[in-house]
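Please find one structure pasted underneath; my questions will follow.
By written order: A, B, C and D. Residues from 1 in each chain.
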Amino acid sequence: MLGATLSSGWFLENAWLIPLIPAIGFVFIILFGKKMPQNGSEIGIVSIGISLAISIGATFQWIDRVNSASGGSDYASGGFFGAFRAIFPTAADGGYGASFVEPVVRSWTWWQSGGLEFGLGQHIDGLAIMLLLLVTFISFLVQIYSTEYVSGDRRYTHFFASLTLFSAGMLVMVLAENMLQLILGWEIMGLCSFMLIGHWWEEEANSRAALKAFFTVRVGDVGLLVGTAIIFFGANDWAVEHGSNGFSIRGISAWALSGEASQSVLFWGGVALFIASIGKSGQFPLHTWLPDAMAGPTPVSSLLHSSTMVVAGVFLVARLYPVFFVGFDILDTTVNFITIIGGITIIVAAALAFVQDDIKKVLAYSTVSQLGYMMLGLGVGAWLPAVFHIFTHAFFKCALFLGAGSISHSGSHHSFDMKKDMGGLAKKMPITAATWMVSTAALCGIPFFSGFFSKDEIIDNASHNGYQFFYYVALVGAFMTPAYMTRATYLTFFGKPRGAAAGEHHDEGHDDAHGAAHADHDDHHDDAHDDHGAHDDHGAHHGPHESPWRITAPLIVLSILAIGSGYLNAPAFGTHYFTDWVEPVGVEVALDDEYGHSSGEEESAGIVFAAVQAGDEEYDGKAKGCGFADPSEGTVCYAPKLSHAVFSWSKAMPSIILVFAGILFSAWVCMGIYGDRRNPFAGLTSKFAPARWIHTLLVNKYYLDHLYEKVIVFAFAHPIARAAYWVNQNILDAIVNNVGRGGRRTGEWVYRNVDQRVVDGAVNASGLAASEGGHALQPVQSGKVNQYGALLFGAATVGAIVLILVNI
Amino acid sequence: MYAVNFLILAAVLFSIGVFGVIARRNAVMVLMSIELILNSVNLNLIAFAMMNNSPEGHVFALYVIAVAAAEVGVGLAMVLMIYRNRRSIALDELSVMKG
Amino acid sequence: MQTITNDTWLLTVGTFLPLVGVLLMMFVPASEEKTHKQIGILTSAVTAAVGVYTLLRFDFDQSEKLQFFVDSEWITVIKSNYTIGLDGISLPLYFLSMVVTLLVMIYTWDNMPDAGNPKSFIMLMLVLQVGMAGSFIAQDLILFFVFFEVVLLPMYFMIGVWGGDDRQYASLKFFLYTMFGSALMLVAFLALFFQTGAASFSFAHLMEAGALIDRDVQIWIFAGMFVGFAVKVPMFPFHTWLPDAHTQAPTQGSVILAAILLKLGTYGFVRIAIPMLPQGAKAWAPVIGILAVIGIIYGALGCLAQTDMKRLIAFSSVAHMGFVMLGISTLTDFGINAALFGMVAHGLITGMLFFVAGSVKHRYHTLEISRLSGMLIQMPRLGWILGFAAMASLGLPGLAGFWGEFPAILSAYNPNFGLSEALFRTLMVVAAIGTVFAAAYLLWLYQRTAFGRPNPEFEQGAHHPVGAGVNDEHHDVDLHDVTKIEWIAWTPFLIAIVVFGVYPQLMFGVMDPAVSLLIERVGAGIP
Amino acid sequence: MISSLLAQAWTAPTIDWHAIAPELVLIAGINLVLLIDLWLDESKKWAMATLTGFVMLGAVIPVVTLAVLGGDVRDAIFDGRYVVDEYALILKALFLLVGYVVVLLSQNELEEGGYYQGEFYVLMLVSVLGMVMMASSRDLLSVFVALELLSIPAYMMAAWRKRDVKSNEAGVKYYLLGVFASGVLLYGMSFLYGTTGSTKLTEIGAALSGDLTGMQVLAVVFVVAGFAFKISAVPFHTWAPDTYEGAPTPVTAFLSVASKSAGFVALLTVLYLGLYGADEVHGPFIWVMAALTMTVGNMVALRQTNIVRMLAYSSVSQGGFILMPLAVMGTGAAESSLRAVVIYLLIYAFSNLGAFAVIIAVARKTRSGEISSFGGLITYAPGLGVLMTIFLASLAGIPPLGIWIAKLQAFKALIDAGSSSAYVLAIIAAVNTVIAAGYYMRVLRQIWMSPVPDGDTTPISPPSSIWLALGITAGGTVVLGILPGLVLRFADLPDLTGALGL
C-alpha cells in the first residue's frame, strides 16, 4: 500500500499521545497536586509541554510527509532534520492540485455493539496537525501565564487541573478518528468550561454564567447528537461496504462525496450539526453565553477564545466539510445557512463591541464576530482561508486577552472597566501596550499583519465564489472591527489616566460595579472576582506598573506570531505553505481491492489506499473533480476540490481602505469623545477677532465634532448599537434564561396538576373506592338472624329461578 | 292418588317453614319452623322412595328424623342459655356484633 | 438455547449464601448491633467474592450461551423446574446486585437509619439480595416469579420501618403497585404457559413455542406482562410510586431500589416479554417507545419542579429509565445493548447520587435545595462527588451515563422489524432534547447546593436550624466531610463509573453476543 | 312369611376394618375421654387436652398405614358409598392434624377460662370424626350425616363461653342459620334423590346428564347453596363474621379452617361425583359466588378494626379463591381445578391456623382483639412478629410462602380452562389479591412500624403448646411454599377423577 512511498514517523504514528498526556496530567494534579511544591501547576505545564514537543515533531513529520507525497520524497524522509531540509525547497513546487496526502489514521476498537464496531484513534491530517500545534502551544503559554496570574488563588490546583483537562478535551476532539470520539472531546470541553467559568463560584453571577455557558452549548448539542445519528445511519451502509463505518470521519467524508448519499440526509444532518456549531462557537442566536463567560479568570477567557472551546464549532464544520459542502450545495448557491448565520454574527457582534466598557467584553464580542468570519469563510467555500483565520486569530486574540489580563493584574487594580480604571497606560506598561498594539493591528487586518492575510482571503473568496452580498457584509465587518478596537485601545492606553490607572483605590467604583452587576445579570464585576481570586497576595498595590516576565513573555511571543504567522500563507508574497500543508487536496483516490480486511489495530478505519491518482485537470471556474462529479468506479473522494481566488492588491484594496478608514474615523471620534483636545492657538483669540471666530470654529472643530458626535456617532453608536445590545440582553438572553425558568414553571405545573392530582389521584382514589365499597357493604351485616336467613334463602331461590329459566 | 300431591304438600310445608324462619322473631318459633322444613324434606323423601320404589328414601328419612331430634335438643339448650343471660329470646335483639 | 454446564454449584451458592448470614444472625441477640453489622458485611463480602469467582469462571467468549447451567426438578406437577443459568445479559446485573449489597452493607456500618434495630435491617437486606440475584439467574418463569416477589416484602419493610415521615403511605403504595403488576403478570405467564401447550415453564422452551402463538393472543399476553414490568421499571403512567418510595426510603433502600430493583422490570422486558412474544413486542413497541419518551420529558419536568434534593433524584430515575425503555422499544440489538448498559450505568450513578443525598441529609438534617448552598466550601469532597455524579448522570461522554443514553437515542433513528421510522425518529429528537433537560435540572441542582456561600443557618456548630422543617431532628449541625466508611463504600461506584465510561467495551463485549442472539430469535419470530 | 325369612341365609357384609380404622380410633377415643372425664377431678383436667391430642395422632397412624400399605382403592365397604382412597386419606390426615393443632391452641385458653374441658374435647373429637367421615362419604346420606356430625358439636363449641353474650350470640346465629341451611340442603337432596332414583353419588352422576328438568336444577342449586353456607361463600357468609368474632378464638380457628375445609370437601365430592353433569347449572352459580365472595370479603375486611373479624372476612375471601377453580371444573379443567382446591385447602389450613395461633398468643398479653393492639409487636416479641409476618404474607400470596403456590394453582386452573369467563374471573381474582394485600399489610404495618400502644413492652412468653402449634404451622407454610412438590403429589387424584372417567 501507499504508506511505503508516503513518509511517516514516530511522532505522527503516536500523535494519540498528545491528548493522552495532559489527560494523565489532569489525574495526577487531582491526586497529588496539592502536595507538589508548585501545587500541581508544574504537572500541568510539563504535561502540556510534552504534548507540545510531540506536536512539533508531528508537525515536521507531516510537512515531510506532504513533501514526500508531492514528489519531493527523493531524499531520506523522517526525523526533524529531514523535515527541516524538506520544508523550504519542496514547498514551493508543490502547488495546488498536488497529490492527495493520506492522513495518518490509527484506530483501536473501543466498543462494539450490535455488529457495529466503534474505534478510538487518531486521524491526523493537515487540519489536525495545525490545531494540535496551535492548542498545545497556546495552552502552554496560558499555563505559564497563569502561574503568575492566579497565584495564591484558593483553588489554584483545581484551576490547573481543569485547564489541563480542558486542553486535553480539545486535543481529543482535534485528532478524533470518529464522531463519537469527537463528541467525547466536545463534551469534556463543555464540562471544563463549566468548571473554569464558574471558577469563582462563590458569586452567584459566576455560577450562573457557568451554568449558562454549559446549558447554551448543551442546547446546541442536541444538534450534535441528532446530526451524528442522521449522518451515521445515512453513511453506515455505504461506509461498511467500503470497509469503514458511519462514525469514521473518513467514512463520512467519502460517503458524502460519493454521490450516492441522499441530498436530504446530508442537508438535515448538516443543519443539525451546524446547530451544534452555533452553540459551541457562539454564533448568532446562541452567542449570548460567550460574553458572560468572561466571568472566568482571564487566562481561561484567552484560552477559551483563541484556540479551544469556541473554535470547536468551526473545527466541526471544517472537519466534516464534505457533508456541508454537498448538503448545502455550497458552490452552486449564493446564500446558505452557514453564511447567513456567519454574516449576521459578524455585524451584530461587532456592533455590540462599540458600547462595552469592559475591556474583556469588547474582546469577547470581537471573538464572536471573528468566528462569524470563519463560519462565513466555510460557508462560501473558502475552506482554507477560514482554517487559516483560526490559526492567525488564535495568536492575536490570545495576546489581546492576556494583555487585558496583564492590565487588570498590574495596571488597573483588578478592574476591567476601561472608562473607570484605565487610560494612559501606554507609558506605564510599555510591553503590554506594544504587544496589544501589534495584536490589534493583526485583528483589524492591517496589511502585513497576520489578520490581513487570513481575513482578506475570506472576503476575497466570498465574492470569488459568488456570494456577493456576503462579500459586502464582510467588508462592513472589516470596517467595524478596527473601529471598535481603536476605541478600546484609545480608552485603555491613551488619554488621561483614570481611576486605578491613576493609582487611586476607589472602592466605591467596585461597589458600583457590584450594584450594576446585581441590577442586571450581565456580570460587570470580574474585578470583584479577581479581588477574591488574586487579590490576596496583591494586597499591597502601588499604582500601575509593568507585569512580571511570566506575563509579559507569553505576550511578546504571541505578538511576534501575530505578525509572523500570516506569512505562512501570504499570497501577496507568493507563500502558500499553509495551503500545501493543511488543505486536503480534492482528488479521486483509488481504493485497494482488499479494503475489507481491516486488522483492527492499524487502519481499522478500513479505507486503504492503493495508489494516488493526482487530479491533473486544469482549474477553471467550476472544475470537474470531487464534489462536482461523482468519483469514478473504484475511487473515493475525501475532500471537495476547492478553488482559491487569486490574490491581487487591487482586489484587496476595498478592505484595506475600509480598515484604515475605520481606524482613523474611530480614533478621531474617540479623541473627540473621550480625549480633551488642547487648543494650540491659546492666547491668539483675545487679540484677533477673526482669529477668535476661527478659534471658536476650531474649538468647536468647525462644529463638525458636534455634527459627528451628536448626530452621526450618536445616531450610529447609541440607538443602533444599543438597540442591538438591548435585543441581545432582553430578547435572546432573556429567551435563554426563560427557557430554563419556563421549563421549571411547566415542570411545577405538570407536577402539581397532572402527576399529583390525576395520575396519583386515580391510584389513591381506587384504593379509597375499595374501602368505601366495604363500608357500603357493612349494613348487610346487620347482625339480625332473620335478615341473614332471608338473605341466605333469597339468594338460593333467586339463583335457582334464574338458572331454571336459563336451563329450561 | 298422585305422588305429586305429596310433593306439593311438602313444598307448602317448606315454604311455611322458610317464612317462619325469616319472619318470626321468637327463637322457639324459628325452631318450630325449621322442624317444619325438615319434615317437609321427610315427606319428600318418602314420596320419592315410593315413586322409584327404592329403600334409600326411607332410610334417609329415618336419619333425618334422628338428626332433627339432635338438632332441636341443641337448639333448645341454646335458647335456654340465651334466656338465662338476657331474659329474652327475641332474635332481633341478638345483634351485639355487626358490620 | 445452548448451555454450558460447568460449576453447577456456583450460581446456587452465590444466590443463597446470604441466607446463611440470616440464619447466623437469628441466633445473635438484637442488642449486639456491631456483631450484626459485622456478620452482614462478612456475608455480603463472601457473596461478592463468589460473584468475583463467577466472573473468573465465566467464559466470555461464549457469553451468548447460558453458563453454570442447572436444570433440576422442582415442582414437577406444574412442570416448573429449578432452572438457572447466566449469560451475557444477566451477568452484569447479577454481579452488580452483589457488589451494591456489599457496599450498602459497608455504608450501613456507621449510617444506620434512625429507627435503629440493625438486626432486622441487615437481615432484610440479605433476603433482598437473594431475591435480586435469583431473579437474574432464573431461567424458569415460575422460578423467576418467585424471586421477583421475594424482593417485595423486605423492600416494603425497609421503606416502611426505616423510611422518612411519610414512609407508611409510600411503602404501602410501593407494595400494592408492585403487587398489582405482578398479579397481572402472573396471569400473563400462565396464559403463555398454556398457549405454548402447557409443556414447560423454562425460558428456552417458551422462546421457541411462544413465537408460534398467533398475533392477537401474543398482544394480549404481552399486555399483561407489560403492566407487570412497566410498574417495576417504572414507565410513565405507572411511575407515581417511585418518587414517594425513593424519597421516603432510607439511603440504603433508595440505593438498592435505584441500582437493582428497577432493573428487574427492564430485565423482564429484555429477557422474557420480548423474546417470548416477538409479535406482541412488535405491536407494543411503539407504545413503549412513546411512553418512554414521555417519561423522559415528563421526568425532567418533574425534576425541575422539585424543591427536595432526593425527590429530584428520584424523578430523574423516571427520565433515565425512559432512555432505557426507548432503547428496548427499538427492538434493535444496538438499542437493547444500550438499554442494558443504561441499566447498569443508571444503577451506579443514581445509586451514587442517593448515597450523596443520604449523607447530605445526615449532615444537614434537611434536603431542601433552597436551604443548602456552598457545600463546596463546607464539604469540598462531598461537593465534588456530587458534581461528578451529576455530570455522569447528565450523560457526559467518558462517564458511564453516556453509553446508556447516546446509543439509545442513536438506535431510535432506525428501529428494527419495520417499526415506523417517522415515529421513532421523532422520538429520537424528543429524547435528545431530553438530554438538555437533564443538564438543566442537574446543573441547576448543583449550582444551588454546591456553589455559592454556605447558608448561615448551617455555619459550623449552629444549633437548631431556623425555619427547620418537620423532618429536622434538631441536632447540632456537624458538617464533617466524607468519612472513611463512606469512601470505602463509594469509591467502587466512582471507579466503575469512570472505567465503564472510558472503556464501555467491558460491558458491551459481554452483552453483545447474547443480545444479538436474542434479536435473531425475535426476528425469526416475526413473519 | 317368617319361614321365608328364616329360609334366607344371611351373610354378614364383609367389613374392611383397616379401612375404617381411623374412625374407629376416634370413636374409641371419644368414649375414653368421656369416661375419664367423669372420674378426673378439676385439677387434673389439663390431662384431657393431652389425651385428646394423642387420640388425634393415634387416628393418624392408620391413615398413614393405609396410605403406605393400602395402595389400591378400598370401596368395597358399603358398596362404594364409603370409599377410602388417596383423596380421602390426605384429607383425613389434614383434618386430624388441624384438630391436633386446635387442641394445642385451646389448651391454655380453656384451662385459664375454667371452661368444661372434658366436654369440649369430646365435642371436638366428634366434630373431627364427622370431618374424617366426610372425606370418605360418597353418598348423599353419608355426606349429610357427616355434615351434621361435624356441625352440631361446632354449634355448641361456638357458644362455649356460656356467660358471654357475644359467645351466645355467635352460637345461636351459627346454629339457626346452620340448621336452616341444612334444611335447604336436605330439600335439595330430596329432589336430587327423587329425580335420579338414588342417593349414591356415582349413580346420581350417571343419571344426571344432558338436559335437566327444572326440579333437578332447583335441587342442584339448593344443594350447592347448602354447602355454600358451610364454606361461608357470599351471600351465605353472613353468619361467619359474627360467629368468628363471638366464639372463643381456638374455636374460631377450628371453624374457619376445619369446618370450612369439610364443607369444601363435601362440595367437591358432590360436585365431582354427582353433579359434574350439571356444570352449566352450578358453573355460573359458583362463578358468581366466587367473584362475590372474594370481592365482598376483601372489601369488608379492609374496614375491620378487630383482627379476628378481619381474619374472618379474609377467610371468606380466601374461600372465594378456593371456589374459583370449581367455577370452571366443567370446562375441561376438571383435574387441575380439583388439584387446585385440595392444595389450597391443605396450605390454607397451615397459614390460617398459624395466624390464629399468633393472635391467641398475643391476646394472652394484650387482652384485646383490636388490630391496633399489635402495634410494635416486632420490638418486644420479634419471634411472634416474624411468624405473623410469614403467615400474613402467605395469606397475601407472596412467594415463596405457602399460599402463593395454591393461588398459582387456582389461576392455573382458570387459564387452563381458557374460556373468556375464566379469564374475567382470573382478572377479578388478580385485582382482589391486591386488595387483600392491602389489609394484610395493614396488620404488618402495625407490627413493624407503629409504636407500642401502651408502652408496655414486657416480652410475651407463650406456653409450649402454642409454640408447638406455631412451629407446625410455620414449618408447613414455609416448606410447602418452597417445595410444594411434597403435597402436590397427593393432589393428583387418579381415583376420584378416575371415577369420573376424566
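Keep in mind that, in the parts below, a contact is a pair of C-beta atoms (placed from the backbone, for glycine too) under 8 Å apart; a residue touches a chain by one contact, two chains touch by 3 or more.
It should be emphasised that the depicted structure is a prediction, and the values quoted were computed from it without experimental measurement.
If you take chain B and chain C together, the chains in touch with both are A, D. Farthest chain from chain B (centres taken as the mean of C-alpha atoms): A.
Just to note, of A-B and C-D, the chains joined by more C-beta pairs in contact are C-D.
Put simply, the C-alpha centre of chain A and that of chain B have 100 angstrom between them. Each chain gets one centre point, the mean of its Cα atoms, and the points for chain C and chain D are 43 Å apart.
Rounded to whole angstrom, the centroid-to-centroid distance between chain B and chain D, based on C-alpha atoms, equals 25 Å. Here the CA centre of chain A is 39 Å from the CA centre of chain C. Residue positions 21, 30, 91, 94-99 of chain B each touch two or more of the other chains. Shared contact sites, meaning residues of chain A that touch two or more other chains, fall at 767, 778, 781, 783, 785, 789, 793. For chain D, the set of residues touching two or more other chains reads 172-173, 176, 180, 184, 241-242, 303, 438. Interface note: chains touch in the pairs A-B, A-C, A-D, B-D, C-D.
Chain B contributes residues 18, 21-25, 30, 91-92, 94-99 to its touches with chain A in the complex. Looking at the complex, you find that chain D touches chain A at residues 172-173, 176-177, 180-181, 184, 211-214, 217-218, 220-222, 225, 229, 235-236, 238-239, 241-242, 280-281, 284-285, 288, 296, 298-303, 435, 438. The touching residues of chain D, counted against chain C in their complex, run 339, 378-379, 382, 389, 393, 396, 398-400, 404-405, 408-409, 411-412, 415-416, 418, 423, 426-427, 430-431, 433-434, 437-438, 441, 444-445, 448-449, 483-485, 488-489, 491-492. Touching chain D in their complex are the following residues of chain B: 7, 10, 14, 17, 21, 27, 30, 34, 37-38, 40-41, 44-45, 47-48, 51-52, 54, 56-57, 59-60, 63-64, 67, 70-71, 74-75, 77-79, 81-82, 85-86, 91, 94-99. By the touch criterion stated above, chain C contacts chain A in their complex at residues 173, 176-177, 237, 239-240, 298, 300-306, 332-335, 337-338, 374, 376-377, 391, 396-398, 402-403, 406-407, 409-414, 428-429, 432-433, 435-437, 439-440, 443-444, 447, 450-453, 503-505, 508-509, 511-512, 515-516, 519.
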